[in-house]
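Can you read through this structure? Questions will come right after.
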Amino acid sequence: MHQPTSPTRRGAMALLAAGVTVALLPRPAWAQLSAATQAAVDRIRGSRTPQEGRITLRAPPIAENGNTVPISVLVDSPMTPADHVRRIYVFADKNPTPDVATFTLTPALGRAQVDTRIRLGQTQDLVVLAEMSDGALYMARTEVKVTIGGCGG
Amino acid sequence: MASPIGQPRVRLPAQARVGEVIEIRTLISHAMETGQRRDQAGNVIPRDIIKRFEAKFDGETVFAMDLAPAISANPYIAFPFRVERAGRFEFTWTNEAGDSRSATHEIRIAG
Amino acid sequence: MRRAGWLAGAGALALGAAVALAQGSPPEPRRQIPNPESGLNYATPETRAIQEDDFLNPAFLWVEEGEQAWNRVEGTAGYSCASCHQDATVSMRGVRARMPAYHPRLQRVVTLEQQVNICRTERMGAPALPIDSRPLNAITTYIALQSRGMPVNVDISGPARPFFDKGEQFYNTRRGQLDLRCGSCHEDNYGRYLRADLLSQGMSNGFPTYRLKEQRVISLQFRLQGCVNDVRGESPPMGGEEFTNLEFYLAWRAQGLPVESPSVRR
Amino acid sequence: MRLAIPAALALLLALSSPAALSRDTQLVPFRIVEDSIPEPLTSQPGDPARGREVALDRSRGNCITCHNMPVEADFQGNLGPPLDGVGERYSIGELRLRIVDMKRINPESNMPSFYRLEGLHGVRRDWVGRTILTAQEVEDLLAYLMTLR
């Protein structure tokens, strides 16, 4: 429907498009976190060690504006009373305060997925923890580059 | 002084098959003031956010979200729901002052 | 009374056209970008996805507010917008596509925002709403939505032409400490990156727009203020003559592009 | 009444023009020889480390907004040519004129004049009478650019 006509632009869009729509887990979940995020994660995990896997975290690799960044978290779970996702925690590692949201889920949902739009103050990692009904914890993280505007003002 | 919670928008199908997982999408008009911005005169704009969202089905909480100031203005929240019977959803947004706003939606079983 | 006003307006419009014909309008100017592209083409897939789904697009909160305002009686005359214009989905269809337009009685070009305020102050006995205020943006967003998909088609002929010319002059005047004209970015360099910003052609067919940065619906003239400010220029006021003429020129630059209001931009 | 206005104007001018003049005269004099300014604007030699900061600072040089630079930084602009090797392609005098006032070389250029006051239109109030860079910042920036070989 919208046909690009500018070759420079088309190249740029191809670059952008190449990184989009894929689920990302580009770095180990246990790479260094900011002190504030680490403290928040420690409060949740207690003595538990989060595992990798099960979480699909979708976020744009490049956010056009950090004030409105669409994100989606999908956790692989049957969502039955015996085996479901109880909570999903989202942190922005380098925001002034890392807390973004805590979701409380129940088996009634049928699928463990949440979508929202968040604010990121700068390029940073998004960190997600998922707590299962049996107490198991999973963790994922992905980097979102937040664009820097051209005009200095 | 919290500003009034704006108009909610909710989208979900009016009917679904038994066992079908539907998507519930919600949007509410709200500035989500972080408390870190200043107005033109240099005064801090007081923090004023939607703090909690709850979805109930026939009176039972099925989904909830605790929001921090890092949620964008006009919060968009979407989640799934497995339809087992006809019933009534109630969605409630509550700000830090304890004011809340609700919307209700019925769902029927198709066929 | 109301009808008489309409007729007088129509008469003046016809007269204006006749005068222009008699005097022979200057030829239609040639566009620097003959085949313009919407800013949508310069947005990331995520931003496009928000625009392309009316539920994801938060501007529809403004649309709903505007629809309520349309039917709300305000002012001393006891009228709402609907009192005169009835169903906006019928009466307002195409209006956004041909605004700004020459106003024969006021003998100048007026924007959609200004036309709403003219109705409010002259017909409804209600106060004018501040330019770019939430209630005004809600009404203009609701009105603009009724033209979605229709090609921008402003009339720059006849008595409108001097205002167009002034807008064009503003567009092409280098200003601010950075000494840039509008076209420095939006004609000479679209498709290139200014830091992370992929420069668009600066087409106005999506306004009012929901801007991700401001997290609200903004009017075109609010955006124009931002641009002038960014080149370290002293911005004219929103709603003033300079930006109104510039908005008129910008609409002509986007002639033929579909109205996308309310669009979503970074 | 009719007299009062010019009087007030004259007073206003008398009050404001010395300030404006003294700012104007802050521009250090320089001599253009062909397409270069051969002599430095300041007696203090440019500092490449400070110049690098100027080049990257959004509120000062902000070179990276329009030019690709040989530094680790996300989102480098491409309106102008890449700066890698610029210290080899031009003499320092040639670069000095290009930074001070590119429009002396190409009036159609969109590169801002970083050390010019006259001939600007509608400058924002807080920038009136000020150049984008100080003379010393120009020299620091040049010292950095000359390291790009």
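Letters A, B, C and D mark the chains in the order given here, with residues in each chain numbered from 1 onward.
Going forward, a contact is a pair of C-beta atoms (placed from the backbone, for glycine too) under 8 Å apart; a residue touches a chain by one contact, two chains touch by 3 or more.
The model shown is predicted, which means the values in this text are computed figures rather than measured ones.
For the pairs A-C and A-D, the larger set of C-beta contacts lies at A-C. The centroid of the Cα atoms in chain A and the matching centroid in chain C are 37 Å apart.
Averaged C-alpha coordinates give centres for chain A and chain D that are 43 Å from one another.
The geometric centre of chain B is 51 Å away from that of chain D, both derived from CA atoms. Taking each chain's centre as the average of its CA atoms, chain A and chain B sit 20 Å apart.
Each of residues 192-196, 199, 215, 229, 232 in chain C touches at least two other chains.
Across the assembly, chain B contributes 25, 72-73, 76 as residues in contact with two or more other chains. Listed for chain D are residues 65-66, 74-75, 77, each touching two or more other chains. By the document's touch criterion, interfaces exist between A-B, A-C, A-D, B-C, C-D. Chain A meets chain C in the complex at residues 2-9, 12-13, 16-17, 20-21, 60, 62-65, 67-70, 147-151, 153. Remark: chain C residues 55-56, 58, 60-61, 64-65, 215-216 touch chain B in the complex. Here chain D touches chain C in the complex through residues 64-66, 74-79, 103, 110, 112-113, 120-125, 127, 130, 132, going by the rule given at the top. Against chain D, the residues of chain C that register as touching in their complex are 173-180, 184-185, 188-189, 192-196, 199, 228-229, 232-235. Across the interface of their complex, chain A is touched by residues 21, 25, 34, 36, 57, 60-73, 75-82 of chain B.
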